[in-house]
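Both complexes below contain subunit A, partnered by subunit B and then by subunit C.
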Partner chain A sequence: MSWLPLAHALAARQDLPVPAWLFAWGASIVLIVSFFALAAAWRKPRFERQHWRALGAGFSRAAVSMPVQAVCGLVGVTLLGVAVYAGLRGTEAPDRNFALTFFFVTTWLGFPFFSALLGDIFRPFNPWRAFGRVAGGAFRLVAGQRPAHLAYPERLGRWPAAVGLLAVVWLEIVYGSSGGVAVGLDPHAAGVAALVYSGYTLAMMALFGVETWCERGEVFSVYFGMFSRLGAFGVEDGRLGRRRMLSASTSWATIPGSAAVVIASIATTSFDGAQEGAFKGAIESVFESLADAGLGLNTALRLTDTIFIALCFAGVALVYLLGVRGMRTVQGAPSLAKLRDGFAHTLIPIALAYLVAHYFSLFVFQEQAQFGYLLSDPLGTATTDLFGTANSGIDFTLLSANAIWYVQVGALVFGHVLGLVLAHDRAVAYWSDYRQAARSQYWMLAVMVAFTCFGLYLLSVSNG
Partner chain B sequence: MSYKKKLALLLVALVATLGLSACGGSDSGEDTVSGTFEVLPAAPAGYDNLSGEAKLTRADGGTTTTIDLSGLEPDTEYMAHLHTGGCDGAEPGGPHFKFNPSGSEEPPNEIHLSFKSNGDGSDKAEASSDKEVPLGEAGSVVLHLADGHEQMAALFVHGGEDHGDDQAGDDHGDQSHHGDESQQGEAEPDQEQSDKIACAELEGASAEAAVPTIEVRNGEPVGGIQELEFSAGEEIRFKVEGDEAEEIHVHGYDLMKDIPAGGGSVEFAFPAEIEGIFEAELEGQGVQIAELRVNP
Partner chain C sequence: MTIPAAHVGHYLWVFYLLPVVIVIGGILRSVLLEKRRRKGDD
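The block that comes next holds the complex of A and B.
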């Protein structure tokens, strides 16, 4: 076996690499924007406070009221149930089974995209949170007292979520291999994995409490919640309100391990984008030497991909930590730990830009399947046609290659700008002297340029 | 940082932009096919010394056809057409090339080069079109006497046939009527054997050669996964030759064709409507055999 055929189980179509001229324009704009950023004028932090204001009096309470939450929770639990059942009982054809598209496209990509716009919409739909709260309520009814929880080890922070995020992506793109070829996760394995994760999550919620675990360990809550911090909508005191865009992100990384979550996000997207392009040759040679060393083909492939995901994580972390270390050398800098956690949120827009750049077209196309034939025929066995759309298809002419390229490059440039804005704002909050704050930002600027240009590079490498 | 310094940095960035974008701009594709004129066996007398070249260049969405000839009769009007077929066979060149197959027989739907030779019997002519001729459809350039051609057209109208029919009918008439007349005697100057003088086959452009073929042996593509590249709007054409029964599936376009038991070949031909990268695979075994790239 001398090559690793690409095997995105779902995608019948892949993006063309960004052409050289657009790459050049994108990189140039990034440089220009960055030079402007050096001249950024504001000297008082603007995003450290949220300026939260409730939306219209009745609506702000109703939107997050108990009945609404109960309905949302029920929808979440039902959809999870349908997906698990389809995974276990439905067709093994990945593109015809509800489970894979629902888990890895609709949920895994949809919530980051829409949370950034609309706020933490996953929270009410989170099936485990809903189940956990009902269980907690039942316990109170029966036992007549609040369930007693273990104290969550604060130092552990969001590390369980960071590790979990890596595990989800590993399961999605590394685990499913057959005969030394990555074929993607099969629906049955996805169903089993969802059940295992549910058991684990409910156990952790029982141990540490529902909200504590959602805030720190529950992969999806933490991951989607991270993106929701960028947007203008948030809940405070049981009321939905508007806040200054980006402002909620500044308080996100106060829990230890948060930096690892955002780094894991950038790293895993990079790996997925590079595995058939920029890293293809390196992956093949490591795979071949591992296979030659006597490992089975599947083991060799999984091990190779695991090594490269770990390398991506280490690489992204290294670039960020170098930037942090650089800032520490600027006069008047706070401690290294404070800098490390204090600037982690500036990477959230970059992480979102990476997601949009790599998965935007997949999302647009695959959602047509989700709300078309997959919804009517979730098992993919042609036994049901619930909404009369079982024979619908995907219209691949919806997006031209040019439209996709502009969205990709635009997302990276826009994410870059937001990252610079947040970093500058945090710097003027940390340094009392404006000139030192501006100097410290040479370092973050280098970090951002590195990530954005690497992102552009990944898009421009031919994955042939 | 002072104001001047900032301005200098900005200028550096701008210069960098222009430099980079200039690099990117030179990336326009251009392809050329060409061929040498050969005098046809049925050509009128007097063209033994004819030689020349025809060239077809596609660039920036347009097509330029040029011919460069010597050994013509001096001060004579000629006409050359782009044809879809090769030079061999009973009908040199086959039908005229048309951008729109059901459209007009006149430029701009066809490519015509009309010219009058110089006193020394040489000439160059050029025709430009603002559309790209699909390479598989540019077969040859055929040179006619301008007079003869018009006369043939006239003959047709008198013959009562529908002149608005396609060019193949024209060529057919060309042989039957004209062949008969030529037997009446060579003395009459108007009655040559054929008004076609010479044909230049455009190399690598004949439809036959343009269809790439993917060979499948023992469930694997010979030579690895084949990469085929197309532009949006073109026709995607390729053949798959297999040694056993297989279903060939083109993803994205979602087309399937079966290779029969015992082996055989299937040909795909469909318009490139969706941009992107697509797999073609042996559906039963899930083995990828080709990667189709459709560029905008």
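The block that comes next holds the complex of A and C.
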């Protein structure tokens, strides 16, 4: 393999017992049945309160104690340093360099998966947060006072993170494309990008404060933190505790721009899945028009992909806003703005489902490289073998094409059912009459069915 | 006569769109019935 297959999930041709489109019908039926079951049996909100309970007294404090955070922060800073160094000094072969797999597979895909199960595990390992806190502490020691920060413009909310998320994916799958072939970003560019992002993040932390920026503008904290709200573990008052799964998500979208973050996640995954499948013909057509208009091949391709990412973002936002608008027509509905923000968290399981469906196989295969030859030979120069695994390979027989398809379908159906559950729960909190609440969810059912069928269509075309 | 099915693969998206159309159709029908019922009550 001479390039990283970042464009979409790895899947060979399947041998399914029924046509792939029948799975979309089956998934739609599951969603409709779930909708009626919720309407009949779920009459009171259950996720508005987290029911947080501390884990064992000593453990709950020790797990988030300063020494533990210091060790985790050090690990985060070290790994970032290794990845940047590998990017700048290692081989230019993307599949042999530690940096690309570490940034775009292990971190970018791994943290969402594990955060959704375990809570915000990125927070202690966040290298910029660790660095910022140390710098803040040093400032206090030297100056004898806390660093003064600017007040963060509240209206800006999480918009910097939404734009940053689009930029990260743009860098990975648009900037990294050239000449009509997805070759992946070259490691040197990834290393430089990581350095630029580090400088930008540390400057923003100095301006607005470490925690404020992590909560609102730092792309990775906001993005991984969003998925962590689905998980069963969370920190309150300096203690680690258990909470009702999904419940923390209900308070996530109270900051402006949160809806844009989750929409950007769904849109970018959709684009990545569709660019070599469902959208291939349209992309080629626009690309040829731009190239004929005199643009260079790389510029034309990047501009085409950028247009399609923007269209995906607009499309996903439009479907969601139509659902919200539909809810507004139901008697007793709150304002449009309240509905728009109040239901944004229901898209988080869908964003996760799209990630699992599109990248599950890539993650399983590429992590064998990460913890095998890339760990032993991070620079890819074939001169080091730190752990004796530099000659290991990737076992592509680990997952069959059918197994991948069933995981994809299962993830999409499960994610959308969770989305329906969260939406129904929020509706019974907003509407005093549960029948009106159920009626309002007709529209979210349409949104969920649309996203499910679209997701399955993208996968069926890219799996070919 | 041979069925001209060579390009049928290009139209598979219709099968993915149909469930969405059916659900939206059902919703619109239900909303219209509800409106008509409310008008009748008035």
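Here is the rule we use: the second predicted complex is superposed on the first by the 417 of 464 C-alpha atoms of A that agree within 3 Å, B and C clash if a C-alpha of one lies under 4 Å from a C-alpha of the other, contacts with A are read in each partner's own complex, and residues count from 1 in each chain.
Basically, contacts are C-beta pairs under 8 Å (C-beta built on N, C-alpha and C of every residue); 3 or more make two chains touch, one makes a residue touch a chain.
A quick note: this is a predicted structure, and the numbers were derived from the prediction, not measured.
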Go through the superposed model and pick first if A:Thr254 touches only subunit B, second if only subunit C, both, or neither.
neither
Given the touch rule stated above, what does A:Phe396 touch, subunit B (first), subunit C (second), both, or neither?
first
Let me test your reading of the model: by the given contact rule, A:Ser289 touches which partner, first (subunit B), second (subunit C), both or neither?
neither
I'd like to know which partner A:Thr78 touches here: subunit B for first, subunit C for second, both or neither.
neither
Looking at subunit A, which partner touches more of its residues: subunit C or subunit B?
B
Quick check on the superposed pair: does A:Tyr442 touch subunit B, subunit C, both, or neither? Answer first, second, both or neither.
second
Go through the superposed model and pick first if A:Ala450 touches only subunit B, second if only subunit C, both, or neither.
second
After superposition on the shared chain, which partner residues are touched by A:Ser335: those of subunit B (first), subunit C (second), both, or neither?
neither
Share the list of subunit A residues that count as touching for subunit B in one structure and for subunit C in the other.
19, 21, 24-25, 28, 32
Which residues of subunit A touch subunit B once you look at their complex with the stated criterion?
2-3, 5-6, 12-16, 19-25, 27-29, 31-32, 35-36, 38-39, 183, 361, 393, 396-397, 400-402, 438, 463-464
Contact set on subunit A toward subunit C in their complex
19, 21, 24-25, 28, 32, 278, 326, 329, 439, 442-443, 445-446, 449-450, 453-454, 456-457, 460
Any idea which subunit C residues touch subunit A in the complex?
12-13, 15-20, 22-24, 27, 30-31, 34
Name, in rising order, each residue of subunit B that touches subunit A in their complex.
1, 6, 9-10, 12-14, 16-17, 20-21, 23-25, 27, 224-225, 227, 232, 251-254, 273-279, 286-288, 291, 293-296
